[in-house]
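The following pair of complexes shares a single chain, chain A, combined with chain B in the former and chain C in the latter.
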Partner chain A sequence: MATTRNQPSARRFWSWFIPIRRDIGSWAFALNRITALGLTFYLFLHLIVLGLLAQGPGAYDSFLALTENPFIKLGEWAVVAAAILHGLNGIRIVLTSFGVGVTRQKQLFYGFMVIAIVVILFFTTKMYIG
Partner chain B sequence: MSEKWNIILRIYRQKEGEAPHMDNFQMEVNPDEYVIDAVERAWAFHDRTICFRHACHHSTCGACGMRVNGVEKLTCITLIRDVTYDGATLKVEPLRNFPVVSDLAVDMGLFYRKMEKVDARAVLPVTEAEIENPPRKWASEDSEYIRLSDCIECGLCISACPIMATTPEYLGPAPLAAAQDHGIHRKPELLSIVDCEDGVWRCHSAFECTAVCPSFVDPARRIMDLRKQVVGTRLSKLIGKA
Partner chain C sequence: MSRSTLSSPVSGPRPGENTWIWLIKIITGPLLVIVLGLHFVVNHYLGSMSSGLMTYDDVIRYFQNPIIPAIEILFLVTVVTHSLIGLRGIVLDMNPTRTTLTIITWLLVFLGVSAIVYGIWLALTIASLGS
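Coming up: the complex of A and B.
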């Protein structure tokens, strides 16, 4: 009689986020999930903020004043960084999913991540330095 | 005189009805021995109740797949030198995503049934095999010659796949690679098996199956190729119907 402890289960989703000792593909897989969850969370937050418009200009303006808070600014930066990382990693997945660069998927990942870092750095300087 | 290392072999233990735990075995090993040799030494000289699977000792049977320090390895071809160092620990656990029968031995029944579902070939005509430097044109009699399939059905890809960990219905890397090995054009009945929610589209491109495969099957590449075959077949049918 076999045990059930080691069997696949939806409750083991947390293992997606622990790519320790794994190959680079698993790190890319985890990165895509983390950024996707972050962007989904942001989408809900965005809809809530848009909902403030229904309460009149005063409510929305007071929220806009809040966006000058450095923590909110950091959150905005994280959203843009997540979108860039997720988008470029997604292009890699689309390409490999249909046979383009499958045997070079690691190099594709490194390449796209270099592009992502450059774009994020550019955005960071624009956001914080002007 | 051969080099000697002192290591602590940590083996996952779990018998029916018992909670899992790790047993430690301090031992002297030659670092150029294989991990399966250390496990066998623990069994032979320390504890005869350790349960594990092994057979050929030369990466042909696929029986001795285990997780070594957290990564899937075929232990009969994994040098101790490559996975630990002198004075360190060597952790050996059963493959993930399979029910544990006892200690390091897992029940691979469901996996084998999935391989049967796609009619995985143990041998195939050499003209259909992916080989290095194939002739530009095969002679007609060449199809009489057969060779062993690359996949040794060790289950390492099933254990390493993050999607397999959460979706038991997923066909999995090795069965999908076996379907690609046939080719949908040669075996059209495979289309309905692989072109579904838990078939070729369930893969989320972690490429871990290819990373751990000890037999260079490259399941990830084959899954992507199978997707192309599925799309091509669907488009042909669509155009044919139009």
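Coming up: the complex of A and C.
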């Protein structure tokens, strides 16, 4: 157990954003945390936007028109991709938390990431091609 | 406990993280994968917009089935709980002082309760708009 390396600290938080000299475990850890932060931010933004529904069709539907903007659409794609990556990486964490696949964590990670890429490609096709 | 390597024995609560709180996060995770999957499908396939998104009229119609607001409220409670417990876990990674952690925990509780109350009000309001 690498106790020193895994000791909590603010410095370790910032190190998530530095993609050098990382092993695959560090990538899995960073991916989980970065997508979590993005999705939490989006969750509250989403709740605020849905509040437009209470203001009537004019307010909500004019906001929906913005989703055709390529930047907004890209943001929407990023949310979908982050949710898929976070969800599948999270399933790996849940499995190992309950003792499943503990000795095969790298394989599990690679397997779930392949599934994630396939699902992301599916949604990308749906969003951009129809 | 090791979190930055995939050769660690098992994942588990962080130092300072209550086991029950961690367990709630771990249990709500897979539940969210299922419910969020449904949420994506509904919002990208059932809507009448060319992108599949739901217009105002689509949403109002969708919420007329009483099971929908119930599912959306369950989804809201689950996602807010999971995300804020996760956010607290990230704060724990930064090794805050006990006082800072207490303040942040209460802020997160306030944020979570506010979001859930607001979300329930919104779901019930949307459901009542079609009647």
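In the analysis below, the second predicted complex is superposed on the first by the 114 of 130 C-alpha atoms of A that agree within 3 Å, B and C clash if a C-alpha of one lies under 4 Å from a C-alpha of the other, contacts with A are read in each partner's own complex, and residues count from 1 in each chain.
The rule we apply is simple: contacts are C-beta pairs under 8 Å (C-beta built on N, C-alpha and C of every residue); 3 or more make two chains touch, one makes a residue touch a chain.
Everything quoted here is computed from the prediction, not taken from an experiment.
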Exercise for the section: For A:Ile91, select first, second, both or neither according to whether it touches chain B, chain C, the two together, or no partner. Expected result: second
Practice task
Could you tell me if A:Gly99 is touching chain B, chain C, both of them or neither one (first, second, both, neither)?
Solution key: both
Practice task
Identify the partner contact of A:Val80: answer first if only chain B is touched, second if only chain C is, both if each is, neither if none is.
Solution key: second
Practice task
Based on the superposed arrangement, let me know which partner A:Phe44 touches: chain B (first), chain C (second), both, or neither?
Solution key: second
Completion exercise
chain A contact check, chain B vs chain C, more residues touched by chain C
Practice task
Would you check which partner chain A:Phe13 touches, where first means chain B only, second means chain C only, and both and neither mean what they say?
Solution key: both
Exercise for the section: Have a look at where A:Ser26 lands relative to chain B and chain C in the superposition and call it first, second, both or neither. Expected result: both
Problem - chain B and chain C contact sites that coincide on chain A, given as residue numbers - result: 1-2, 5-10, 12-13, 23, 25-26, 28-29, 93, 96-97, 99, 102, 105-106
Problem - chain A partner contacts - residues on chain C that touch it in the complex - result: 1-12, 14-16, 26, 29-30, 32-33, 36, 40, 44, 49-53, 55-57, 59, 79-80, 83-84, 86-87, 90, 92-95, 115, 118-119, 122, 125-126, 129
Completion exercise
Listed in rising order, the residues of chain A that touch chain C in the complex are 1-2, 5-10, 12-13, 23-26, 28-29, 33, 36-37, 39-40, 43-44, 47, 50-51, 53-54, 56-57, 60-61, 64, 67-68, 73, 80, 83, 87-88, 90-91, 93-94, 96-97, 99, 102, 105-106, 109, 123, 126-127, 130
Practice task
Quick one: which bits of chain A touch chain B in the complex? Just the residue numbers, please.
Solution key: 1-10, 12-13, 15-16, 20-23, 25-26, 28-29, 93, 96-99, 102-103, 105-106
Completion exercise
Touching chain A in the complex, chain B uses residues 14, 16, 20, 69-71, 94-101, 106-107, 160, 162, 164-168, 204-208, 210-212, 218, 220-221, 224-225, 227-228, 231
